[in-house]
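Next up: the structures, one after another.
Common to both upcoming complexes is subunit A, partnered first by subunit B, then by subunit C.
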Partner chain A sequence: MNDTTLRPAESSAGRSAAAFFVRYGLVIALVVMELGFAIVEPLVLSPGNLLNVLQQTTYIAVFAAAQMVVILTRGFDLSLGTCVSSVSVASALVMTSMVAADPGNLPSALAMGILTGLGLGVAVGLFNGFCISVLNVNAFVTTLGSFNICFGIATTISDGRPVFDVPKEFSELMYSGTILGVPAPVIIAVAVLAALHLLLNGTVFGRSLYIIGGNPRAATLAGLPSRRYLVLAYVLCSVLAAVGALMLTARTGSGEPNLGGNVTLQSIAAAVIGGVSLRGGVGSTYAAVLGAVFVTALSNCMGLARIDGYIQQIILGCVIIAAIFVDRLRTGAR
Partner chain B sequence: MSEQAGTLLELTGITKRFPGVLALDDVDFELRHGEVHVLFGENGAGKSTLINVISGTFAQDKGRFVFRGEEVRHLTPHKARVMGISPVFQEFSLVPDMTVDENLFLGRERARFTLLNKRAMRATARQIIAELGFDLDPTRKVGTLSRAHQQMVEIAKALLTDVKLLILDEPTASLTEAETTKLFALIDKLRAQGVGIIYVSHRMGEIKQVADRITVLRDGRKIATVAADSVSDTELVELMAGRKIDVLFPRIDHRPGERLLDVRDLTLVSGAVREVSFHARAGEITGIAGLVGCGKSELVRAVFGLEPIAGGSVSLFDKEVSSFDPLAMLRAGVCYFPSDRVAEGLALARPIRENVSMAALDLPGFARGQVLRRTEERRAVQEIADRLKLRPAQIEPAVGRLSGGNRQKVVLGRGLSRDIRVFLFDEPTVGIDVGAKLEVYELMKVLLDLGAAIVLVSSELPEVLNLSNRVYVMHRSRMVAELTGADINEPAVLACFFREEPAAAAA
Partner chain C sequence: MSATTLDSSRAARGRHGWLANALRKIGFLPALLIVLVGLLVAFEPRFMGTFNLFNVLRNSSALMIVASGQMLVLVVGGFDLSVGAVIALTSVVTAKAMAVTLEAAPDDVSTAILFGVLAGMACGFVTGLVNGACVAFLRISPFMVTLGTSSIATGVALLLTNGIPVYGMPDAFVKEFGRAIWFGLPMPVYVSVAVLALVWFMQRQTTVGRYIHAIGGNMQAAMVSGVNTNFYLILAYTLCGMLASLTSILLTARLGSGQATMSGNLMLESIAAGVIAGVSLRGGVGRVEMVALSALFLSILTNAMNLLKINSKIQTIFMGVIVVAAVALDEFAKRRSRDARGR
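Coming up: the complex of A and B.
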């Protein structure tokens, strides 16, 4: 661990400059990036494009926030992407089959579809949380396993094909609809993220996640119910992923067994870039959102600048590693 | 050889800091050719940091490192091995799924035409093992071996190269009598060949048996280097435990009241504590003294619910405790302060405020059910910080930024965050400076006046002797004495440590 109090050579001015960059570095990088790409492609800064970026951000922000919850506890969730796929397929199947059976009862079909999706999220989270917290299997192995399980569920129940004919009303509810001109995904994302923020900062459960991630043994000595809270953290993560999955399903208008392909990596990338520490105990909803904005803006800029898709992958990979490096500098890892 | 008498390794002014701890403070150390030099000291005295510096694991912050007459800079573990410095650590560096001979040649495999020359390696392995007189099968997988046998593999591995300096960290901890004898014969042989050996051990008997010279470390400082045949066991322990002339202990008025904690015949599953009874009363400090590894720390940890209990009973306020877990104990009014604050006490990345309040989040003063009361929390923690004279008196910086003394205050602050009557202090002043030590002692005094019972577990003998009203002495997992009044003195405690030594050696 680095300890600034032990480095007399470091002036307080230097330290506050460093603190400034730690705090606002990403915002500065974001602005510089936008302006830089704008020279190559002025469209980057057009209002239409910026609005587009914000709309896309809503999805990644929800996934990044989900991932952040478990990263806070020194874990992570590799199964997030395929959990998204399975929720998408399962909820779409429930809705289409209920509508097919009783076209008149649309509201209960939508409600059942949403509940199925969220319920599946709870189940995946309970499974991950139980294995990690109670059976003490590490997060990497557990969620790699459930990654496969969820992938298997998604492809089996859908026969590997998209589930079409999801009711239009569902898409209106969670995608194309607006309230006072604000698109539904933005409203849902803002509501979910605000609730998460309150949960993390205003409850004993939220506080405990930070302490468990900061030092699990200290949490035990302080009498915190670490095991229970750890299970709940994974449940929360998967439920948030399920919310994002429902939003994406509404956008595509079908249940997609491959919906979550890139989501795991994107969510971890956004969280880490935003400043959520892989060492646990450090991070916030704000950080997850900021990271999501950055990741979305980066791929949007690269797309408009007509950078080849595979090159984009390389750049995103480098950015993730750079972000982890910055995190190590920040937490002063040895 | 003319080298024989000369200096092999010379360290001057070695200083190494870790966050909040000065692990080595201006330490000088000299090792001659053909010498066995024992490092002696309590846990945390700096022994392992020193051998890690010598073997290239840590770089010193300051100081000169001269090996065979040449100054060495930027030492790495690999460079150290190439130079002939071979460490054998307590934690093994073996690959369990590989055989003994594969492990021996790990990283320096012999090859012929790029293919591994397995036969040559196996032959060399057999030869070395035979030379050592170890009972080892080179074709066995290391994972299937006992700890003692793994230890032998480690030693054989260290000797495979051209060793000039061998480091043995508690090598006999897992060896049987016969194996130990073989190891000592080996040490004699190496000594005759001019190899310098640094030997870390707590065991009095073997230290006197193998050592030429002994260097005693305490709190990261070199206390003394003495010739082994000119010092008695008692003198050694005194050097190790130390007479702190620089700390003045406050006068404490003990007013023993009712028994708050009563432990009877406690035995732990791990065997670290066997049939131990003791009690603590309100208004007095009850000291528990003992050598490192005697079980005194495990004893109080068990009371707080951190070690599984095999038998015996614990009563609090005359009620027998039925479920041992930290939350239940906190609610009952017992708080344990761990010796290793970084590992167990603190979430370094989190603010002071959260670190102080984390053991009280079940109380209505800090949270209404699940909902945190952040204003009340801030006010309460600020008050505690002021009482403990935290400097600076801010509660929002991350704990990782604080010095050792302030970190300890944050941990102790937890005891003030709720109604605690029984305080279990485990090595409360390890790694903190003199000023902070005094403040910890003053805090104990305040707590006593408020009617608390304090249990003080410490390896620092002067601390226990000066602060306690009654002193229990633990030795080899058992309680061997309870001292009161004028009997609380150093010779009386030291006598307990050695009383059973001959009997145990004969067994």
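Coming up: the complex of A and C.
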């Protein structure tokens, strides 16, 4: 404490160095990791693999961004994974049954499938938001409950089996198609994330989420409609999850009742590693995407270096704890 | 605002009369449990079968032990998502340690059992210690710490076994302990009663219990009053981990093999049991006897749904609704009493 007052020049240099590391630490870690693994396995840095990583990132990035929206408000959404599963199964069922009934009318089948998926997302979000914001039930318990409910829905309507025969055109639309050589998932993800970025930064609703998470009491005193915004945040989260679910369904070409198995944990891990604070009010779309890139690149590198899957799980656990610790330092530094 | 709610609540009390009064006296959960058991006894003869009752008792004993550990962590204002992973890891380590020592010295069964149990308890101890230390010293959110340790513990358990069950535990451990019936009741029942009694005693009669509640109620106040908050935080997490290990050893002994996939839904159920018992997720509030009761309730409810041949997938939906509804009701009651007191 005394030192800082005596030697302001040096300490401010030290502080800005620390701030630099805190700010760009993850990017540095990412580059170091890629280079380090490249020594062991040169394939890591091949253009084909990097492109592959980017494509895989799109899905986790959407899920991490969805999770980020509610983490901003000091909540989280455990139901995200099973919401993904139920959206996948429900939209696949609608599409296949509509195509079976009327093979000529493909566009309306696709539209209905997508609408069903998004509608289910809205419904799950409304349930979560209503319980959390109006009934005052803790976010953990609410989303634990909806986790079970969505899991039950997904497995009941599909009978626990994948729904096959999803129209090829759907996969083309949201997975294999390209516009000017850019793959469809990348376009969708970029569009969705850009829209989310604008929403969070350019609208009263978006900015309010930061205030609600940063200081709920201040938000209420300032006259913000906190309850309504909180419900909207959960709806937004689940709708984004539904978009990601549709993208994944297009990739697998079937509705999978177990599609969202690891998605909840991955999305929370990616968001937090990217720098979204669990204490609320801190985070951005950029952070969610960066975290998603890191998580994807890490598992890609470990896979290419032929590290045992079980050890990968152990390493991911360590990375999560380390990331929270860094977050702790970061908020302490501010 | 508060005046109108008070009036309406008074009116409500008047209207419901004796039923509401009776409910308030015995409490909501015991009443629900009595109704459930009554219905089962009346309409489902298979419920009272010895085999079925033993099953319910075994399942609820396991859940009671995990849930009472979980409750301690909830009371200090935390969470332990790693109990499931600890159960898996303990199962594998216990079985492996027993099998290895037995192979080295085939005649010395008791040493093998002792080694296995100690190694298993060490798993919970170490995981709990790490959880507690991260929460206490690094001030990391318990949700994320235990998420991380749960990923690590599961990874280690799978790594040790490659996902294959571990056999080779001594017969004495499985047949004479794990599947034993003592004085007409399955062995785990006695263990769980002992655990519950100990936790109850600790909570009610010792300073340790009082400090744990004080920390959860108001960490700052506890610290200022000279309570070593870090120590008691770590203690709560360590006890939770060890109780999870104990559950795992009982389950492993009954199963006869160490399995990395054993925990099933116990993690979620332990939190659900706590929450239904009115343990506050904000810390400071929680009674072990209520937790035991709600663990029993959950086990009987699951059993009832199985007997009624309700699809297991629909059972999950049902469980989800019950957990949310229980907390919503609790919040509602709390708000009403707060409003009433606000007058």
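Convention: the second predicted complex is superposed on the first by the 322 of 334 C-alpha atoms of A that agree within 3 Å, B and C clash if a C-alpha of one lies under 4 Å from a C-alpha of the other, contacts with A are read in each partner's own complex, and residues count from 1 in each chain.
Definition applied: a residue touches a chain if its C-beta (ideal position, glycine included) is under 8 Å from a C-beta of that chain, and two chains touch if they have at least 3 such contacts.
Bear in mind the structure is a predicted one, so any value in this text is a computation, not a measurement.
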- Message: Based on the shared subunit A superposition, would you classify subunit B and subunit C as clashing or fitting together?
- Response: clash
- For A:131, select first, second, both or neither according to whether it touches subunit B, subunit C, the two together, or no partner. second
- Task: For A:272, select first, second, both or neither according to whether it touches subunit B, subunit C, the two together, or no partner.
- Result: second
- First (subunit B), second (subunit C), both or neither touched by A:142: second
- Message: Contacts for A:202 in the overlay, against subunit B (first) and subunit C (second): which applies, first, second, both or neither?
- Response: first
- Message: Is A:313 touching anything from subunit B or subunit C once the two structures are fitted on A? First, second, both or neither.
- Response: second
- Message: Of the candidate stretches 26-34, 62-70, 98-106 or 404-412, which in subunit B collides with subunit C after aligning the structures?
- Response: 98-106
- Note on the structure: Where subunit B and subunit C land on the same part of subunit A: residues 279
- subunit A residues touching subunit C - in the complex, by the definition given at the top: 76, 131, 135-138, 140-142, 144-149, 151-153, 155-156, 160, 265, 268-269, 272, 278-279, 308, 310-314, 316-318, 320-321, 324-325, 328
- Query: Can you list the subunit C residues touching subunit A in their complex?
  - Reply: 79, 134, 138-141, 143-145, 147-152, 154-156, 158-159, 268, 271-272, 275, 281, 311, 313-321, 323-324, 327-328, 331-332, 335
- Query: Quick one: in the complex, what on subunit A touches subunit B?
  - Reply: 1-6, 201-205, 207-208, 210-211, 213-215, 217-225, 277, 279-282, 331-332
- Message: For a test of understanding, state which residues of subunit B touch subunit A in their complex under the given definition.
- Response: 17, 19-20, 304, 306, 325-331, 336, 338, 342-350, 354-355, 358-359, 361-362, 367, 369-372, 374, 400-403, 414
